[in-house]
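A short write-up of the structure that comes next.
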Amino acid sequence: MSLTAAFYIVLSAIITNNYVLSKFLGICPFLGVSKKLDNAMGMSVAVIIVMVIATAVTWPIQTYLLDKKGIGYMQTIVFILVIAALVQMIEIFLKKYIPSLHKALGIYLPLITTNCAVLGVCVLNIDNEYNFLQSILNAFGSGVGFTLAMFLFAGVRSKIETNDYPEAFKGIASTLVAASITSLCFLGFSGMLEKIFGM
Amino acid sequence: MADKHTNLIVSSAPHVCNPADTATIMRDVVIALIPALAVAIYVFGFRALLMTAVCAAACVFFEWAVRKIMGRENTIGDWSAVVTGVILAFNLPVNMPIWMAVIGCFIAIVVVKQIFGGLGQNFANPAIVGRIALFIGFATPMTTWAVTEKMSQAIINNAGVDAVTGATPLAMLNAGAAELPSNLEMFLGTINGSMGEISACALLIGGIYLVVRKVISPAIPVSFIATVAVLAAVMGYDPIFQVCAGGVMLGAIFMATDYVTSPITTKGRIIFGIGCGIFTMLIRAFASYPEGVSFAILLMNILTPHIDSITRSKLNGVPKKGGAEK
Amino acid sequence: MSSGKHLKGVHVDHQKNTAGMPIIPMPVPERVYIPMSMHIGAPCQPVVAKGDHVKVGQLIGDCDKPVSAPIHSSVSGDVEAIEQFMTQNGRVDTNIVIKTDGKQEIAETVVPPVIESREDFLKAVRASGVVGLGGATFPTSIKYNTKPGQVDTLILNGAECEPFITVDHAAMLAYAKDMVDGMRTIMKWLDIKRGVIGIESNKPDAIAKFNEVLAGDKDIEVLTLRQVYPQGAERVIIYECTGRHLIAGKLPADVGCIVSNVSSVLKLQQYLTTGMPLVSKFLTLDGNVVAKPQNVEVPIGTMICDVIEQCGGLKGEVKKIILGGPMMGRAIPRDDFAVMKGNSAILCFDETFATQRKETACINCGRCVAGCPMNLMPARLSRAFKDKDIDALREFNVMSCMDCGCCAYSCPARKQLNFEIKQAKSLVMEDDKKKKAKAEAAAAKAAAKAEAEKAKEGGSK
Amino acid sequence: MKKNKLQILTNGIIKENPVLVLVLGTCPTLAISTQAINGIGMGACVIVVLTCSNIIISALKRIIPDTVRIPCYITVIATFVTIVQLVLKAYAPSLDKALGVYIPLIVVNCIILGRAEAFANKNSVIDSALDGIGMGLGYTLTATVMACIRELLGSGTLFGAPVTANLFSPFTILIMAPGGFFVFGCLIALVNRITKGKVKDKRANKCIGCPGAEFCSDVNKEGGCDNK
């Protein structure tokens, strides 16, 4: 795999196929944890870590275990259990060895188990028939894409948090409209990577 | 003892204020847009005036109607809806169906502005979002450009078989057209494109008026246009062509300078302008759309809170530390 | 020695209608009402009683607290009453009501003080009753009582940046020599090497006058200030004259400066040469309903309505009276208040001027940021105040606001920014107090605990 | 307060609509609501998985140890998701393709885990089944309504049949990502307007439905958390 192809996978997961803003994965934390920039970034870092590790674990399981044995249909069950276990293990590991990081990310980790972006990236890697390296790159890019969306949206929310909304649009409704406008600007980049990387 | 006066009006200082208020500022922006409108009418004919009037009226109507429905104070007196309407109209092709333009006005005023609480509380420029939504939602009518006999010969030669519609200079450049309008034609505006963005000259006159009237600071337009020019030169394009083409002038002078959605400090504004320039050129050069000004400005609008937080003004006399009394 | 850099500010229409008018003494009113608290600090106690006969310049109120200034009678006559009523500050205060006899006899105590040392000088400053006459009313004796060697620059504040007011200008033209002499005396006794007279460029005649009086004095220079409001604010004039920043919570002496208003120095000098303490004030009387705008010398304690009446009255219906300039002055609800030491102007306006501005939404235009001399972000502070977000208020340095009003002046949305910031400051101060009380309570508890343990230990031994 | 059977069934349709009121399961709703048929298909899958898993979890509620209940729920749910997936692949391959990755993602759809935690493990098997059907119908209704709006305005068709497509050009942005967020926001605003003040109480209870609740340290005084 050439370097450009690697860049293409990462950048496309960040910009043109942004998980949150164009694939609608990980909307819950996107809407939930983006109120403060610090929290948003904590969550994002945790997501990047879990995404990469989960991909590194689930890809071999699918390729060398499930497919070999012909039980590819067990994918969903196996993946979700693996991710759940993984998140637990990461948490225990952090608690024991890097307590400062655990303190920073601790509250976000459990929420990640049910973050559909993590399971989504694992499943999509298999669906897209990526090889191991491509899968890892895609997972990393997706995590960074999630981070970018969180970063942008945290800024927007900090600005509009105390707005004087119409009664019906208070709370989540106006947040969704804001997300709509935010996702609009990502459409401007469509076709850009294909042209840059000549794909 | 002399006569006493009681029940005098008590209010907090200062008891005088600058004559400029929101309405006069917005009115100045409308005045600054007139030269560009004149060029549009000259080049495209009466329909340019009709479109502009319809958009302005639609925006004012939506502003009034929504405030009424929400049971809030009427704010059409601040002229901001007129500004949005005119700028949105300037971003549309002259032959755009009227009902589509009205949808754009609805998005700009209702969705982008009033849902977030009205003037001052929107995080994205209403006209820009209106334009982008129309651009993506109605791709064909939004990219069908009228050709009139007032235009540069290069455009007329390049027009399609029907000789009524043609490509914008940017699209011609993208497609590798043999003959492009000259830089003078680009500057004066005898080209096709969105109604209000064709004449760099007229927009510049408006911009100078705004700067002289102290309505806008030159920080954003200058940094935006300079970045486009420099990047164009670096990328091997003609800087003057790139600056005059498409919406750079309109965007830099009238849309990126929207107070509400741009940073508050001069430093922040310069960063904002440079960012707009970079993304404009990136999209122009690489993305599937020939024009990137509005996407670039929207992206920078979204980044504005972050720019504001890194460029907040430092307290006098407290060297190199933001919060003095933390 | 201007650093070439300037603090931000706003351009305000000057409207100095009374410019060039000399200061005319006002006839003595029938009665004066002298409040006992005309300065920052502890209020004075009356030292005369009802029925006493007093003369001009006689001490009638004093206080043993250091931060205070004595009060002298501005007229000769009989003390008619000593009563509590509301003064222009909105506070209820002890007032000495003196019925004048019109003779204006000068008290026997009015003799020039003998000064032989720094201590004598400071005593004399206090005895003169002079406070910051620009409006701050901080007792001058406290301001001058700096550590020896701490201060290297004396700044004479002749900026007069507020619209309408021209008394300082008139005083500078009339008494430039006395002011310069006063500066020299202060510099001599306080051992200050350098003197600067800061005057806004719209008063070229005053600048010329000072240059003429100084006649090449090497220690004192006249500095022409830009015509930008608020050049006369303490922190701004210090920066413009010395390039030093005075941050919130510090005194001018901390950055080696003393700033005195031109009229403070003049009144001090007059006391030092004649022994007559501060008993009268120069005022500008102006505004669009004032029949004869003019500069007057008014005995302290004169009712504002008497001043207006005596000086030609009004030519229309008054709706708003401002004490001080329109940028920082205070609008008063009625005009039967006494003139106090800190007043510099009485401005009367009709309806057109008094209409309340309608507030609209902030459009983030940045004019308040561009106009703030302290480099604050008033719009952000206003938002934090609306949210009652005390942490954000602190983070954006709310306490550094000096109330100059530039933000509200320039706001196109007509938001009363500095009023909000003023309230925000008290919010933060309250919070500080609460926190301090909490910390003190915790410390006291800890101390008590330590004590108890100590006692226990001691007991067990 | 015991609810009767009908109330349990209808509860999820409007009053406690899982998507619009409890704001659960947003991701698949947004993603698949570009075509009305997808809304119904996704809704059907959710009804099946939700009802079945509610029944099983309710039946096993005494057996499942409290400490490992979440992994157990996930396993049960994942099993049914796999079954649905296989059925779809076999009998409705086009729908399977349209819904794509969002079928396996039903596993982490918070509605299902949320109902398991909030309802099934406290109530009888029949009630749980009714709750599952009700909530599933609520989900289906929302997803379909949203998909109809987006399909009609965004591509001028309804269930694939042209309606206004030939009359005027459709506003294609509505079937793209921004349109999804926007229509969803408007529907929530609409429900807010209909239910008015009552909505707040429901939101406060969201923690019950939130799978992260037991780990969550963001719980505020009102019993809700900021993660809404």
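Letters A, B, C and D mark the chains as written, and numbering starts fresh at 1 in each.
Following the convention adopted for this analysis, a contact is a pair of C-beta atoms (placed from the backbone, for glycine too) under 8 Å apart; a residue touches a chain by one contact, two chains touch by 3 or more.
On a predicted model such as this, the values are computed, not experimentally measured, just so you know.
Taking the mean of each chain's C-alpha atoms as its centre, the chain lying closest to the overall protein C-alpha centroid is B.
The geometric centre of subunit B is 41 Å away from that of subunit D, both derived from CA atoms. Between the CA-based centres of subunit A and subunit B the separation comes to 34 Å, rounded to the whole angstrom. Inter-chain spacing, taken between the CA centroids of subunit A and subunit C, is 61 Å. Inter-chain centre distance (subunit C to subunit D, centres taken as mean C-alpha positions): 67 Å. Among the residues of subunit A, those touching two or more other chains are numbered 166-167, 169, 174, 177, 181, 184, 187.
Contact of a single residue of subunit B with at least two other chains is seen at positions 111, 118, 121, 133, 136.
Taken pair by pair, the chains that touch are A-B, A-C, A-D, B-C, B-D. On subunit B, the positions that touch subunit C within their shared complex are 1-18, 20-22, 24-25, 75, 78, 80, 118-121, 217, 259-262, 264-266, 312-318, 322-326. On the subunit C side of its complex with subunit A, the touching residues are 383, 386-387. On subunit A, the positions that touch subunit C within their shared complex are 162. Across the complex, subunit D meets subunit A through its residues 23, 26-28, 30-31, 70-71, 74-75, 78-79, 81-82, 85-86, 100-101, 104-105, 107-110, 113, 176-182, 184-186, 188-190, 192-193, 203, 211-212, 214-218, 226-228. By the touch criterion given at the top, residues 151-152, 155-156, 158-160, 163-167, 169, 174, 177-178, 181-182, 184-185, 187-196 of subunit A touch subunit B in their complex.
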